[in-house]
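Heads up: the structure comes next, in structure tokens.
As written, the chain order gives the labels A, B, C, D, E and F, with residue 1 at the start of each chain.
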Amino acid sequence: MKPCKRIEIVIEQALATRTADLLTELGAPGFTLIDRASGRGDRGYRRADELTGTSTNCIFLIACDDEETLTKIVEGVRPMLSISGGICLVSDAQWVRH
Amino acid sequence: MKPCKRIEIVIEQALATRTADLLTELGAPGFTLIDRASGRGDRGYRRADELTGTSTNCIFLIACDDEETLTKIVEGVRPMLSISGGICLVSDAQWVRH
Amino acid sequence: MKPCKRIEIVIEQALATRTADLLTELGAPGFTLIDRASGRGDRGYRRADELTGTSTNCIFLIACDDEETLTKIVEGVRPMLSISGGICLVSDAQWVRH
Amino acid sequence: MDSVFLTNLTTPPLLFFILGALAALFRSDLDIPEQIAKFLSLYLLFAIGFKGGVALSTSAFDLSVVAVLLVAIVLAALVPFGVYFLLKRRFSVADAAATAATYGSISAVTFVTCTSYLDAQDIPWSGYLVAAMALMESPAIIVGLMLYRMHAETTTVDSSGAIGVRMMPMDVVKESFLNGSVFLILGSLVIGWITGPEGKTQIAPFIDELFIGILCLFLLDMGIVAMRRMKDMQGQGTSLAPRSMVLWGLVIPLGNALLAIASAWLLNLGEGDALLLIVLCASASYIAVPAAMRLALPQANPSTYLAMSLAITFPFNLIIGIPLYHMGVRMFLI
Amino acid sequence: MDSVFLTNLTTPPLLFFILGALAALFRSDLDIPEQIAKFLSLYLLFAIGFKGGVALSTSAFDLSVVAVLLVAIVLAALVPFGVYFLLKRRFSVADAAATAATYGSISAVTFVTCTSYLDAQDIPWSGYLVAAMALMESPAIIVGLMLYRMHAETTTVDSSGAIGVRMMPMDVVKESFLNGSVFLILGSLVIGWITGPEGKTQIAPFIDELFIGILCLFLLDMGIVAMRRMKDMQGQGTSLAPRSMVLWGLVIPLGNALLAIASAWLLNLGEGDALLLIVLCASASYIAVPAAMRLALPQANPSTYLAMSLAITFPFNLIIGIPLYHMGVRMFLI
Amino acid sequence: MDSVFLTNLTTPPLLFFILGALAALFRSDLDIPEQIAKFLSLYLLFAIGFKGGVALSTSAFDLSVVAVLLVAIVLAALVPFGVYFLLKRRFSVADAAATAATYGSISAVTFVTCTSYLDAQDIPWSGYLVAAMALMESPAIIVGLMLYRMHAETTTVDSSGAIGVRMMPMDVVKESFLNGSVFLILGSLVIGWITGPEGKTQIAPFIDELFIGILCLFLLDMGIVAMRRMKDMQGQGTSLAPRSMVLWGLVIPLGNALLAIASAWLLNLGEGDALLLIVLCASASYIAVPAAMRLALPQANPSTYLAMSLAITFPFNLIIGIPLYHMGVRMFLI
């Protein structure tokens, strides 16, 4: 097991592909994506009930063992979040190596 | 980034709307909801295969930067959990402000 | 609230049932399973778009309050992960007892 | 004699139900995706509701129809009393009340399967029985909760009712009518009634020609789900021994069927209508009522009432009940 | 006179739309699963595209058809200018531009509902209008973004455009033609045109007989979604008062309808074709354009333009617009 | 001569397959939701199984039928040996074994598309070929695993087989027959056989009239998925160069087709039946076998065997293979 950061991003579904591309560009070692979550925040309800994905959330999970990449990711998604709404949480974890 | 608590609640799907209302009432700054998870616990399997949602789970994720609200939420969902089954985990995280 | 470990496993959907059986066998107190996530890692994209589940991920969440079981689980899933790909993260959390 | 059973068993819908049960029994990974199952179920409610409404619009809406609808509601409200008093010694108050509500209400899919059973034998039935079905969904919920409130010790209600307590009786009535399935059947019924045969011709192919096929696929799924529940019954921590759950899951529908035969006789119903009324009485809800109970009476254990309804009574009615009640109708009513 | 409205209101698709709206209004938990809703929408695009293509393959593709298609594209490109200048005082530049794009583009479901309205009254219409619909989806996106770039202060574009800025105009054109719905309609159109009536006979039952039924279920879902949005409009932090959103959501389609009536008169279109062209102009996109705007103009607030399109203009067109425009056609064009 | 190819290419199912491929090629966001894709696939298996069963029930079940079924099973068991020995030099033992299993088994959708190709040309075919298809799904899995066990060094089996090791041969046989698709085809076949033409009339519209339409939508999805895989083949870390995957993905089906032509000649099959047998042999599994291999032989790399089957052989068979084999049948067998 080796220490790493666990990044969790909730963002508009409509931006999922763009966020995935951005993560790859910023050097994330990988990510897992859960589509079609609903939620509530400052911009009211997102019911995940329409077809454009503007009122639906998706969740990215990224394990990142490199401080620098972490900073890049956080700074990279910040402007997307301020436009689309959503949250980004960073916490400590142990990464089980296989 | 500012420190916050990350609350994660696994609860019966049938109680999703009620839990969401409760969270709003208790002053949660927001939440993200993943519907239709399966699972196993003390009450056996929940296969997420039937239409009532009594044997299906959903997952709430709440970022909360306020100790008091945290306590309210934890105390608020506790009785629901003891009736419906499920878990509530609280951990530390950093909230990336945008 | 009592301290526990939060284990999060991202693994191939095709191995979901086997992983669930393994967790039960290894004495996990329970688990929650999110099906059909997509992702990217060393083995390229998993688009969650085909029917065999070999190119789709699922996510297991396990709250575990027992060091020994934790080790068993981590050691038990490690060989599955090295064959199927995926990640396993362990972090600290507080388990709200109900 | 037993040819009724065989004829029933060899219709495609029943055979697919059994196929599903076998799949789950042998742990096949055959599986209908959950949103698809929900869609199939919505389709069936939509189609039966619309059909019923169109039928209503062309038939005379006279006193005898009103009588049937009233009797249906009364049956749905009476049955829970009977069930509750049968079970109160063996079940906790909450479980007995929830089970009572479950059996007072109806299973739309059992009803739908019965209409296809009648259609296959060219036995006519009336559209207003769909209205009866829709009206029988909810009353039992209210009666069940009343029974609970009357019999639970006050302290129990207070402490364990932490969630349920907020729900006032009127809310329950409202919520039970706003339950998705009830709303869709009633709504489609009204729409069918408004548009009449003219509207029917527009969507006829969608409603008539797909009906049995979709019923087959839905019953395939129900077979899987029911068998999984049946298997879970052994392992899981239910408050009750599986054996007595099986027993009650067979006795109650038979009892309710007798009650319904008597009512059908009083109402002087025709063969098809009588059978449908019996099936409504004998069937138990596994969607609307359990969903309502989880909100209004969460202390009741769904692995008791839902398992009995889904894993015992539902298959019993499909496989044995329908032809058995049909024999009963032929013996006593015509 | 008002019988047109009543006739429209009592068709099954409209009634199911209203049923859905009632369900959401009374907070019923009736719900079409999201993947099912997407499938129903794909089916409608597939079917209308294929139908249109087959119709195209059997009709003469002469200059008058080309004229209609050109006019359709021009209308789709002009409307955003008008909308933008109407709104620019009350909306932010980004919101005005996104709303302009939304109203320049079209709503396929409104179009589809209008074809079923015409079919029910046996009024003929031409297949190339499906092509017109497909061609009208995208131009407004490009015009909307152009308007934004022309009118936004450079600093705004730079700072808030952090995401959008990477998207070059050509990318937008490409992305808007590659939008799933546009691609599917165009593709099905071409396939229908290639296979012609022969291909049609193969999939005819799938396309013809299910059409109205599936439209009913899809409109049921749209009723739910539209009403939820309408209810959200009060609470949510939109940049605009709900009242003025309602106002503009009614005024803009009426204005566009007038423009389209004039064009239809110039083109000398028949009753059905004229009505369809009007409906295309008067309807607003709630899938392709909002999806594109979120990527290319994320600073525009979807709870303005999407809500107006989905919660105001869409129901208005379905319930009142179609018969109203039909009356207009009858008065001015024939 | 090439008119066979053109006729094939201009049928709606093929055109929708190509539309899907184009959508993925140009990165359109056109997408069939995953549960819908699963449902469409279940429908096709359900329909083809039922049809085959009904056909079986009306035809004589004589020795020649038994002979065909036996030959089918033998072919499915022999092909993996051939494929394994062709590939063992270039592939790892695990990859060679898994690929062998993949090509020994069949693709139900290729079969279904071929039946629609025959139907469109009014060429008759026999229902028992559906039984042949169902029986050919699983044997190759067992042979593939046997080949692996025989050829892998023991140490490899032990260490890398950490997961697979627990699975005993009997389990594999059982699991492969319990695979959802196999179970559904076999089950529907038996049900169709039990209910016979009488049952057919009940669900005929559901099964016959929707068939081609649903096949179109499913192939649209398959086109998207296959093209995505093809694009991934370049980037991803497969053990093999993409070029040789393409090569083997074309050579193997052609070789298997020759084998099948010879068998069809021995069995003296009619035009339609011969073509179907060839298509079964030449097609490769992309559902049942890969799913089984992930459990029983996880060290084999799915981006080799699944990609070859899905991205090369499947499109090849649909677009070129079926008409090519048809020409072969016409040349050699009639």
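The working rule: a residue touches a chain if its C-beta (ideal position, glycine included) is under 8 Å from a C-beta of that chain, and two chains touch if they have at least 3 such contacts.
Only a predicted model underlies this, so the values are computations on that prediction, with no experimental measurement involved.
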Neighbouring chains shared between subunit D and subunit E, ordered by label: F
Same vs different contact residues, subunit D with subunit F, by half of numbers used: different
Rounded Å distance between subunit B and subunit E, as computed from the means of their C-alpha atoms: 39
Whole-Å gap between the CA centroids of subunit A and subunit B: 19
Centre-of-Cα separation between subunit D and subunit A, whole angstrom: 44
Where subunit D touches two or more other chains at once, by residue number: 29, 31, 34-36, 38, 205, 209-210, 291
Residue list for subunit B, restricted to those that touch at least two other chains: 34, 42, 79, 91-92
Every chain pair meeting the contact rule: A-B, A-C, A-E, B-C, B-D, C-F, D-E, D-F, E-F
Subunit B partner contacts - residues on subunit A that touch it in the complex: 8, 10, 34, 37-42, 57, 59, 74, 77-79, 81-82, 87-92
Residue numbers on subunit E that touch subunit A, as the complex places them: 31, 34, 37-38, 41, 160, 162-163, 224-225, 228, 232, 235-237, 286-287, 290-291, 294-295, 298-299, 302-303, 306, 310
Residues of subunit E that touch subunit F when the two form their complex: 34-36, 38-39, 42-43, 46, 50, 178-180, 183-184, 187-188, 191, 194-195, 199, 202-203, 205-207, 209-210, 291
Subunit B to subunit A touching residues, read off their complex: 1, 4, 6, 20, 23-24, 29-35, 61, 63, 91-96, 98
Of all residues in subunit E, those that touch subunit D in their complex: 10-12, 15-16, 19, 22-23, 26-36, 120, 205, 209-210, 212-214, 216-217
